[in-house]
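By letter and in written order, the chains are A, B, C and D; residue numbering begins at 1 in each of them.
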Amino acid sequence: MSIFIDRNSLVLVQGITGRQGGFHARLMMAYGTKVVGGVTPGKGGEWFEGVPVFDTMRAAVRTTNADTSLVTVPARFAPDAIMEAADAGVKLIICLTEHIPVADMMKVVTFCQRLGSRLIGPNCPGVMTPGQAKVGIIPAMVAEPGNVGVVSKSGTLTYEVGFAMKNAGIGISTIVGIGGDPVIGTTFVDVLEMFENDPETEKVALLGEIGGSAEIVAADFIKNAMTKPVAAFIAGRSAPPGKRMGHAGAIVDGGEGSADEKIQALEAAGARVANNPEAIPNLLA
Amino acid sequence: MKLHEYQSKFLFREFGIPIPNGQVAKTPDEAAAIASQLGVPVVVKAQVHVGGRGKAGGVKLARDAEEARRYAADILGMDIKGLVVQQVLVDPGADIQQEIYLAITNDRGAGSPLIMSSLEGGMDIEELNRSRPDAIIREHIDPILGLNGFQTTHIASAMGLPRAHWRSFGNILRSLYRCYIESDAELAEINPLVITGEGELLAVDGKVIIDDNALFRQPKLAAQRDDSGEPESESLAREAGISYIKLDGQIGCMVNGAGLAMTTMDMTKLYGDADRIGPANFLDIGGGASPEQVAAALRIILSDAKVQCVLINIFGGITRCDEVADGILTAYNEVKPSVPMVIRLQGTNASEGNAIISQAQIPNIISAQTLTQAAQLAVAAVKERA
Amino acid sequence: MKLHEYQSKFLFREFGIPIPNGQVAKTPDEAAAIASQLGVPVVVKAQVHVGGRGKAGGVKLARDAEEARRYAADILGMDIKGLVVQQVLVDPGADIQQEIYLAITNDRGAGSPLIMSSLEGGMDIEELNRSRPDAIIREHIDPILGLNGFQTTHIASAMGLPRAHWRSFGNILRSLYRCYIESDAELAEINPLVITGEGELLAVDGKVIIDDNALFRQPKLAAQRDDSGEPESESLAREAGISYIKLDGQIGCMVNGAGLAMTTMDMTKLYGDADRIGPANFLDIGGGASPEQVAAALRIILSDAKVQCVLINIFGGITRCDEVADGILTAYNEVKPSVPMVIRLQGTNASEGNAIISQAQIPNIISAQTLTQAAQLAVAAVKERA
Amino acid sequence: MSIFIDRNSLVLVQGITGRQGGFHARLMMAYGTKVVGGVTPGKGGEWFEGVPVFDTMRAAVRTTNADTSLVTVPARFAPDAIMEAADAGVKLIICLTEHIPVADMMKVVTFCQRLGSRLIGPNCPGVMTPGQAKVGIIPAMVAEPGNVGVVSKSGTLTYEVGFAMKNAGIGISTIVGIGGDPVIGTTFVDVLEMFENDPETEKVALLGEIGGSAEIVAADFIKNAMTKPVAAFIAGRSAPPGKRMGHAGAIVDGGEGSADEKIQALEAAGARVANNPEAIPNLLA
């Protein structure tokens, strides 16, 4: 088993005829993901690598029975694309797009919740269940199948940790990149809860960073509701307050969201916190 | 993007929020002219993107135009926490009976706008939040539905605002919410919102931060950007589309991805802190960086004279390490850095990338296999040069 | 409140929807002047609040200014289903390649706005709805969230609109939705929305109905009301705040409550229809009617020369029957109706009210106990006078 | 039993210090309804006939535990007042106010549905469970307790029918005035379903009128889901098409919503349709 996606997930790529969308759709197909179609308004009826392109998500879902969607369209169009996927009944929507205004995301997240669709992201690398499927941009080479669940705010940091785990012979059940934006569809706690309930996951690696309080809330959850061991790393100990470190959400503001307070909370909750991402495999061994 | 106090308040005025009728001065003479035009005691206030200007002497009450000129002369050019004051706001003094705190901000956890309001305005809200959190009324707003009338009544009632002010408070709150929404603000704060001796409400100080990601649809606000307090390298980086923040250390970092970029900084500090060695900057070159971007990033890093070593850490996913290696060599030849460069390439096409680097046989370039090793080598290189 | 075609289209233009650049004429000379200014064949269109003007000869294509003058002379003053044409719209003729139907209306059942769109525009939508309902694409809009971008794509795609027009169709649909929302419209309809020979979209005919209950916040639209086609009694009633609609029968009804007012009408028809006797009007005096309102209502009813009998049916809830009785006597003395009045008072203080009426001993006034009896007595009174 | 309200309902009156609100609050109290307080922003702390007045619904509900609210405020303020009641957790909201714009009601009805609050009205006379409680303006004298449920779009027409039933010795379980506006919170079908499930209701009287298709939908429900006999009257057989007959919703438009089509549908569904409201008692006997 795994969480969110597996070899049976039927995936649509919104923006499949775009440069980024097409590039990653091919890599996903190569990995074995069942990409069953794509959507680009105005290009319905075309084909992409043997799968049909539709004008609308409603038409695409009706024809393909897809349950999962990957949103790769630019920031100006991404909020509408996510809502279109939810409206069409897609149950899992993964959005790669970065630079979406927070005001738009607040509406979109509310909309998805009301329609019962799970949104992951935006501004995230996606989800990968090694050996089965990947939806997003996580490189195939960073993980082998196994029993550690990985959840992370960051893309390349996740690859770094996955790669270190692979080199140490530790496999992964599912990698979930939740994204580094201030308002996101799926939080650490959502994913921790799923890992806790996933029989294939035995341990969890959590990769957080400065900004917000999601890691503090996660620490509460780890303390009160988790039986599986958690190893963690928090990026940004050396980041100055009041400066946004690349991710829209990565800012220590008003004394809130520092790496140290998150590390303390996680340690107090019983998580083992690494001071170096390459030390994570040791903490999982 | 932060707006100055005067920009924030002028924005409030566009949405119908009453503010003092002050003006901005760039010289002492202008300040004196504004004060004499206002004809009342004025407050001369430094306009800088930093907190604590009051304690730093950046806010002064002047009884007349001459005093305004004198205080403006003191404040203009003043250095407050590293930023040089280039403008002052000259506002008429207000007859303050009561100070209210009123702000709308994005609540990340709830994923919705949050109104915070308190009768204990004027003071530092973070301090109030720590010491007396119950003194702050918090009300979440449905991001799709917006602010309801009954919510303004609830806030006024729950904070204990005297009834005589409910109507004008409600109008100001509705205006502030419109301002927050229509300006794509992350924060729209009035502190203090003052009840004057005449019983009027007046936004005496204001702070607005605009969502950088929404500036594309806020051209009027984007045009108000004031970079003057910002390191030149940061302005250059923004123009080049590179995410860069200048820090105080010696190791210039170039990384792909924000989380890994922070982590790389952290590693230099982890291994260097004992010797007071740490990161000179945050820099994320983003996904799929071209040789031109790598060169631009290198130039920006090296524009910082403190940099003693460059650490390039790339974990190739979309980014191909061989392309980055090409970029590094191109950049190297263009920029000819005099400091050593520790290069660690991992992920997609890492071996090809590392081969390109080693074949170039540049003495200044040090290869590393892991992030840990790269950070340790960079720290060692700095120590060597010390 | 209905807007005329030209008012609807000018409103569309304010929201950015392209319309023909025609103008309104009140005389044949004005029509000729507009036609010669446009310099192309024109359509002269009667502006009346009634359907089927085309079949009635109220729409004519004129090749030149002289013909426009002639047709305008024909149409102005024309009686279409009881309404006299007082204005014509002179529009340039359009080169029509395709006619689209596009409307936004309140869907009562769903409680949300409904977009209806079809490539088979130009014809009667009700007829199309009966004969080929699948030719109409229907899309509900969340009343809180509003129209989403993907919905416009869905509609364009599902109706089979050629791709070349998706963008301009989307813009027009978004504009029409804004128009519908910001004008508090019950209906905002473009029929036809034309694709011209040049591939442009153009709203050639339009119909907008504004929610009467929202006119208080739509002063610009409220000012466009054209009562000219309406019976004077209805205008008077609206000014007096009385809900009144003139009908063709002989029994003038005065009732409290809309449902009971319709029912009272129905009863006069139920018992009178065999003798071609029925209601002269709908009139609801509302809750808690004052003597002044009763008098005003009576005057309005009697302004209709066809009225042979007045039927007053009051079921007192909030309304007290004794007060109504006083009002009736006051009104009677002011208005002195020459026709008989059947009065039925029931509910709160009915016996007191009936006592007041009977004590007044007016020969013209007939008391009734039940609604059935009241309707039968009113029918009998009309028959007696015939 | 009864539907919606009974002698234990705890009722707040929004606008209790207003002329209409105060008048009807007194009549409701006199009838035995447990009016536990009122709300008028700016008048919190005052008293009305021995019950407290609050500034906000949240404060009123917290103090009184009210489960029912009557909205009597003017049309400009009523949409906000209804939403305030739903926001405060009131489960049954009855709105008398007429002339509320339809655009506002579409939002308000959606809002109440999302919060799980039942709205009745607007522009309705309210609800009365004879002998127990009334919330609204239905006069006490028009009904005695009994086993016929009455549901109606119209106020005085309902009194007329209730009074005729009373004179015929027929009692009423609950009278529900759903209102004559185009967009309302509670439909005929909602109420029919509750009467069908209410053990105290044996028969139902339905009073409809021209406009919309709620009676057609009700006929479907009667045909497919009701076991209890239904007598009906539809007002407006003599109304001309295209004219709004007092109620905002009472208009025959585009050939839709005529009395005749509704009567036919109801008769086809097995309801007994009277051509005179005073004949309803015969059909229920």
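Throughout what follows, a contact is a pair of C-beta atoms (placed from the backbone, for glycine too) under 8 Å apart; a residue touches a chain by one contact, two chains touch by 3 or more.
Everything quoted here is computed from the prediction, not taken from an experiment.
Chain centres here are C-alpha means, and the one lying farthest from chain A is C.
Across the two candidate interfaces, B-D and A-B, the one carrying more C-beta contacts is A-B.
Note on chain placement: the centre of chain B and the centre of chain C lie 58 Å apart, centres being C-alpha means.
Chain geometry summary: the mean Cα position of chain A and that of chain D are 49 Å apart. With each centre defined as the average position of its C-alpha atoms, the distance from chain A to chain B rounds to 27 Å. Looking at chain C, one finds that residues 144-145 touch two or more other chains. Under the contact definition stated at the top, the residues of chain A that touch 2 or more other chains are 107, 111.
Annotation, chain-chain contacts: A-B, A-C, B-C, B-D, C-D (touch as defined at the top).
The residues of chain C lying in touch with chain B in their complex are 144-145.
Of all residues in chain B, only 145, 148-150, 153-154, 157, 163, 166 touch chain D in the complex they form. Chain B meets chain A in the complex at residues 106, 108-109, 111-113, 125-126, 142-144, 181, 184, 186, 211-214, 216-217, 243, 245, 247, 255-263, 265-270, 278-279, 282, 284, 287, 315-318, 346-348, 370-372.
Across the interface of their complex, chain C is touched by residues 41-42, 44, 55-59, 77, 80-81, 83-84, 87, 107, 111 of chain A.
Against chain B, in their complex, chain A makes its touches with residues 23, 75-76, 99-103, 105-107, 109-111, 125, 137-139, 141-142, 152-160, 163, 180, 182-183, 207, 209-210, 212-214, 217, 233, 235-240, 243-250, 254-255, 259, 275-278.
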